[in-house]
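Letters A, B, C and D mark the chains as written, and numbering starts fresh at 1 in each.
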Amino acid sequence: MQIFFILAIPIFLAAGAFLIGKQKIFCTLNAIGYLAVLVASVMLLRKMVLSESANSYFSFIYFDALSAFFIFVISVIAFAAALYSISYIKKDIDSGVISERKAKIYYILFNLFCFSMLLVPAVNNLGMLWVAIEMTTLISAFLVGFYNNKESIEAAWKYIIICSVGIIFALLGTILFSYAFSLLGDVKSLNWSDMVANAGRMDKNILKIAFIFILVGYGTKAGLAPMHTWLPDAHSQAVAPISALLSGVLLKTAIYAILRFGIITIKGVGFAYFGNLMVLLGIISLAISCGFILVQKDLKRLLAYHSIEHIGIISIGFGIGGILGVGGALLHVFNHAVTKALMFFGAGNVVNKYRTHNMHVIRGVIGTMPFTGFMLLMGAFALAGMPPFSIFISEILIICAVFLKGYYLVTFLLLGFIAIIFGAVVHHFSKILFGSIPKGMSVVKEPLSGKMAFLFLFVQICALGIVLPFIKKDLIWMVQKLFQG
Amino acid sequence: MEHLNIDSLFLFDPLSAFFLCVIFLISLPSAVYSIGYLKGESSGLKTALAWFLLVLFLISMGLVVSVRNVFVFLIAWEIMSLVSYFLVVFDTKHEKSIQAGTIYIVMTHIGTAFLIAAFLIMFKYAHSFNFAAIKSACSLMPPQTRNIVFLFLLIGFGTKAGIVPLHIWLPYAHPQAPSHISSIMSGVMIKTAIYGIIRFVIFILGVNSSWWGVLILMLAVISCLVGVIYALMEHDIKKLLAYHSVENIGIILLGVGLAMLFISMNMPYLAVFSLIAGLYHLINHAIFKGLLFLCAGAVYKATETRDIEKLGGLIKKMPQTAVYFLLGAMAISALPPLNGFVSEWLTLQAFFLGAFSVEGGYRLFLGLCAAMLALTSGLAAACFVKAFGITFLAQPRSRYAQNAKEVSLSMRAGMFFLSFLIVVFGLAAAIIIKLLAKVASAATGINTSSMSFSLNNFILSPQAGKGVYLSTPLLAAVLATLGIAGFAIYKLVNREKAVIYKTWDCGYYKLDSRNEYTATTFSKPFRIAFSFFLLPYRKTQKIRESFYHVKSFAYETHTTMVFKKYIYEPILGLVFRSAKFMRKIQPGSIHLYLSYIFVTVLILIIFMRKF
Amino acid sequence: MQAIILFGVLASTYLMVIAKRTPALIRYFRYQSFFLFLATFAVAIEERQIDLYIIAGLLFVIKVCAIPYFLNRIIKRMKVSEDLGLFVNAQLSLLCVLGFTYLSWVFAERILAPRNEAQAIMLAVAFFVVLAGMFLMVFRMTALAQIIGLLVMENGLFLLASTVSGGMPFFVEIAIFFDVFVSVIIMGFFVYRINKLFTHIDVNKLSRLKG
Amino acid sequence: MIKILIILLQLIFFIAVSPFISGVITKIKNNARMRKGQSVFQPYCNLVKLFSKGEVISETSSWIFKAAPFIVISSSLGAALLIPVFIFSGQTYYIGDFLALIFILALGRFFLALAALDTASAFGGMGSSREMFISSLVEPAACLVVFSVSLQFGSTNIASFSGMHPVSISSLVASFALFLVAIAETSRIPVDNQETHLELTMVHEAMVLEYSGKRLALIEMSSYIKQMIWFFLIAQIIFPIAVPCSINTAQIIPWCLWYLARIFMIAGAVALAEVSVAKMRLFRVADFLSFAFVLAIIATICAILGV
């Protein structure tokens, strides 16, 4: 039942944003709304994990533990973003970057965006899945081009075009799936549940082709190299909370879609095919992101490339499979979402303060904004996979899985790339965070709501990092539940 | 992967206990010292932060040496590195400390990557992260795999320990931290790497091929020499000490490597004995290096410079610190009857006694290693004559040194405690060695109850029957009596008191600090003798008033950092060049991007059958 | 009947590829959509399903009338130069596209085991249209050309869907139509913006963000 | 009680004899140079003179400068105690072995070098720098000699260098290596020259330049003792003979004579070496000592081969 609740709230909020004039009132309302969503999603997750069964309502909405998990991730980040938007948008209005009206539009779009993302895991019909994901693109395109200057418009254009093309391929794949399904001569249907039910009997070749199209198509949206090209542009130009949503969860929804089809493919043509493709693309993503991170100048682009790296790791995790691999990957989905959101909020504050993305100019953030600086420092290490932060755990799980599977070369590459990226991150962030404060910079005190958002995420990063090693059993058990789908 | 619960998390065998004891023996005085050191150094908040980090650092190190689960070990290990990184960059204003921190954390993380690889291999065989399980599984490992694991572990821990050529971070990181932290880092933290080697290679993996020991011995010898030679060239006092850490890690590893060699040759007595020597030097180095860093910190606190060329004459300004530093210097250059002497003597004896038992080729090898160790201690002595002489003796070379003051009580207390330990560990050798025997037996699994290393509580006698004895208390007594006797005779015959007059100046009218010997000139003979390795080069430039008249010459001489220049910089360059090249694939043209997608689809479809 | 329609689709696609100016492109796109409409309509008449009629109607309304009209208005409004910058000239493009035709034929016949000759041909054409759309997107410079390329691909998919599995489920079909329509409008909006900021719609010149 | 007596006796013996040795060396050198030369007892006179003189101490110096001579003398006497003179003088035998001896001598050198730096004169610095340079290069050769010798005699305990077995090649080579080491350690030509005060060549003399009077006497004394120790070691390695184990004159007297005879032989050799070669540049010393090191390696190899 919670599912409708979850889906309804964003719609109402969007309407609210349209009706309510006063920003001050609405922004808090917004945050509260997403808190409600979060609570609901937690309840949902509990229900799904504890009860085996996968619910479905009149064959349109279908969800099991897996979708519940993704809904949970989305709502966590959405809540954080809503919280952070309060201070961020306010600052923008005060500094006259955007008008009241623009802010209103922002909130409407924000809610629609969240709605479309929350819709993705909930639908059963693969066609609708496609539509939902396309919707996310169309809505977020406005948010990418929000500031309406040359860069942001260019970014938005690239984003919308490349993603649409990718999505078209995904649609092609979907059609081929339905074709393979229709060859069985049963009822024509695009429902995932039906397809999984008799995936075993489908034509292998067509499934293979179809999956390639799906992989490339949704892979474009997920930012797997070499289809990742839109990602750094969009992430670096979007409004900070939106960047967090984009790299935190938008990519993950695409991954979710790939998984859904992947499950059918696995049932149809066996695991190896799916696995190899995922691992291959994952490694390529790692390699490419590694290179770009090393020589990056733009703070937000740096973070964007990080998302590519982590998506790569995630896809490797899923590609390896098994309890360790899948568990690690799912954990990584969550950890990366949280950490990356934190980093983007931090970067947002820094960019606001220093009025530039260029990391050669930014110095001494710790001095000017102690809180943000500290959070960025912690976040950077978390992102680079340092204990006691959560990403370390999931990375280790994935590496373990890869190694135990006997992919020694992949293990080697994984370790190597992660080490190099670690070096690059520490290098960049130690330079922008420490050092002497540039002239004309004063220490600013930061609004409470912003701090709240940071703390909300940071607590999760640490807590998971510290708690996880001690609850592996329960974790494994949970993963099994999740992957019953 | 088994469920971790707390009770199966910790283990306290003598080895862990020993290392815990080392950690807290050094950290306690350092903590006391830091009270005075941090005063007036920075704001209250920052001081609190420093304390917090210090505590966290100690806890993490304690965890590292006392957990029994590889996974938790790894986490503790990384936390240790992270905290120490924060301590290195503690002084965030300086570009240098940030750069140092970066080099440090990157190097140590690369090491960790190798550790992870090694642990993964172990895990593959044991299907458990528990030490005991892995230990039992390692015996089933095929020899090739064992060798790989060994090499990975060696690289991983070697990076932390600062074995040449992985020592690159050490001289950058240690000096940049606050002094009490450098003393802990250099005294204790790098020892955790030795713990790792002993725990994982000797205890868990088990040594069964003799080339492991030989490899470690070679690396150790190289580390000794390289460390001490660079130290001789160094004039930043804390950097100098950091290089000496490289050297001493080498000496410790000589003991450990010898132990591994003898284990693989199945000579229990010698194995235990040389491990004892290694462990003894380990704790000794922890003590005197800790002390020396504290003294260096005191000097820095008093004079605001670490460049010994600017110092001098401090023995009159800060007499107590001078005495402590002198004790530390004597200990580190292995002068009797202090602790450094004992452990180096033991190490040498380990070589000599070993030579009786091994066969032909190994004998010569051991002999040469021993000779190199002797050379190292000689050079170390020279280096500390320089360090102490230039810093504390003669006349002050700058105003920094002129208006120096003796440091606060808490700092002196910290230094005093450590210098007291130096003497104790020198004189009570015969007792301590009994305790170390237990540790060694725990590490190697050899029963030492039947072995004797000392005649009684005063006289060491390794390998009974060889008639080799050393008794530091006796030696100390003899030297003291002779010295005092000499002084007494001197007093007897001495009637008129000595004339105090200025140093003989060959008739030159004003002899001042500019005529003194400097550290650079002091180390010049060494620079020339080892020029094949140091590759010294000099820059001279004329400072002209006009075209015709040269006002003065600027002259500076440098030595080439061989490893940095010929190993690290090329690798880094390669990585960056390839990254820059890769950058070209994203020129910003949307059409190109679209074609990527297109091409990917085509390629994947064409090679579909391959997957 | 079917053969004629397919031929029409093919022909209009070729025309698009050799088109040099935007209005021409739009016109040919209109033709292509019209043939598609015919195809669906024919199927609808055979199967006598109400939703097929509706889909055909939508197809006509949106793709044959609305979108081309909208695009033409954009051109008129913005008064930008009408030629689509060609990376490869018309003749070469035509050659490439012929190559694509063969490729898609091979693809359709070899890999997706079609039931019969007719279906094989339809598959081939559908794939060909998709490829052609891709080609337009990659090798034409202006933003509008890219929009149209996207639409062409979408058309191809529609054809494919209707051939392989007799079209998607009704709701999905509607949703997709709606989606396409919205996306075209949004893209149009962005084309406006680009023209306002850069005073041209040559997206090849949009390369401030790189690396 | 008797043990203590013996120890004292031994110390006195060293103090009494050692100056005489360098007197002898000077005499031989002079004669070899066709000069009459000073009497062999000149060193005694020097010592007495120095002891009766007052002293001047540099104002820049600290307690290190004042304390150093006592530490130096105690270190060389302490080292002397490790040498069996009359008999195995019980306890001294437990103090340490050959290695310990090397380290004990290092103690004295360390403080002398510091004292030299303490006076803030360029000479002192030069001296200590050179001294530490030479001594640190000496270490490996000395250590390796000890190694080869201990391989032969089965122990590093000096008292056990009393080979019943005949002279071997290895011990000959080893003793030659040790001879070179001794030349470097006792600051003789070609490494150093005790006779000049030319700053280009000074090493040991430069170090003690600021000392005068009684302290200088102590330092001179200790360097005599050091020299005697080295000579004894060389002698014991070339002509290993058993040290008497019980106190009876019948054994001790011939042993003492033989003992001195050997030492004077070595002294003669040193003297001849000094007159027959020229002083070498400081940076050639490295080659000189590396030659000693190579010899030590050869000795070790011979010892391993058992020849």
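Keep this in mind: a residue touches a chain if its C-beta (ideal position, glycine included) is under 8 Å from a C-beta of that chain, and two chains touch if they have at least 3 such contacts.
Composition by chain, UniProt nomenclature: A, C = Hydrogenase; B = Hydrogenase 4 subunit B; D = Formate hydrogenlyase.
Note that the structure is a prediction, hence the values are computed from the model and not measured.
Asker: Give the chain pair that accounts for the most C-beta pairs in contact.
Answerer: Pair with the most C-beta pairs in contact: B-D.
Asker: Which chain is most central here if centres come from C-alpha coordinates alone?
Answerer: The most central chain here turns out to be B.
Asker: Distance-wise, how many Å sit between the C-alpha centres of chain B and chain C, to the nearest whole number?
Answerer: Each chain reduced to its C-alpha mean, chain B and chain C end up 70 Å apart.
Asker: Give, as an integer number of Å, the spacing between the C-alpha centres of chain D and chain C.
Answerer: Centre-to-centre distance between chain C and chain D: 101 Å.
Asker: Roughly how many whole angstrom separate the Cα centroids of chain A and chain B?
Answerer: Going by mean C-alpha positions, chain A sits 45 Å from chain B.
Asker: CA centre of chain A versus CA centre of chain D: separation in Å?
Answerer: Taking the average C-alpha coordinate of chain A and of chain D, the gap between them is 78 Å.
Asker: Going by the contact rule already set, what residues in chain C reach two or more other chains?
Answerer: Correct list: 134, 137, 146, 203, 206, 208-209, 211.
Asker: For chain B, give me the residues that contact two or more of the other chains.
Answerer: 583, 586, 590, 594, 605
Asker: Where in chain A do residues touch at least two different other chains?
Answerer: 157-158, 161, 165, 209, 232, 292, 295
Asker: How do the chains pair up in terms of touching? List each pair.
Answerer: So the chains that touch one another pair up as A-B, A-C, B-C, B-D.
Asker: Can you list the residues on chain A that touch chain B in the complex?
Answerer: 157-158, 161-162, 165-166, 169, 208-209, 212-213, 215-216, 220, 226-227, 229-230, 232, 272-273, 276-277, 280, 288, 290-292, 294-295, 324, 364, 366-367, 381, 386-388, 392, 396, 399-400, 403-404, 411-412, 415-416, 418-420, 422-423, 426-427, 430-431, 434-436, 469-470, 472-473
Asker: Please give the residue numbers of chain C that touch chain B in the complex, ascending.
Answerer: 87, 107, 134, 137-139, 141, 146, 203-204, 206-211
Asker: Which residues of chain B touch chain D in the complex?
Answerer: Residues 313, 315-316, 326, 330, 333-336, 341, 344-345, 348-349, 351-352, 355-356, 360, 363-364, 367-368, 370-375, 377-379, 381-382, 385-386, 388-390, 393-395, 455, 459, 466-471, 474-475, 478-480, 482-487, 490, 493-494, 496, 498-505, 511, 513, 515-517, 521-526, 528-529.
Asker: Note which residues of chain B are touching chain A in the complex, please.
Answerer: So the residues of chain B touching chain A come out as 1-5, 71-72, 74-75, 78-79, 82, 89, 92-93, 95, 98, 101-102, 105-106, 109-110, 113, 116-117, 120-121, 123-124, 575-576, 578-580, 582-583, 585-586, 590, 593-594, 596-597, 600-601, 604-605, 608, 611.
Asker: Which part of chain C faces chain A closely enough to touch in the complex?
Answerer: Chain C residues touching chain A: 111-113, 130, 134, 137, 143, 146, 150, 153-154, 157, 160-161, 164-166, 168-169, 171-172, 175-176, 179, 182-183, 186-187, 190, 193-194, 197-198, 203, 206, 208-209, 211.
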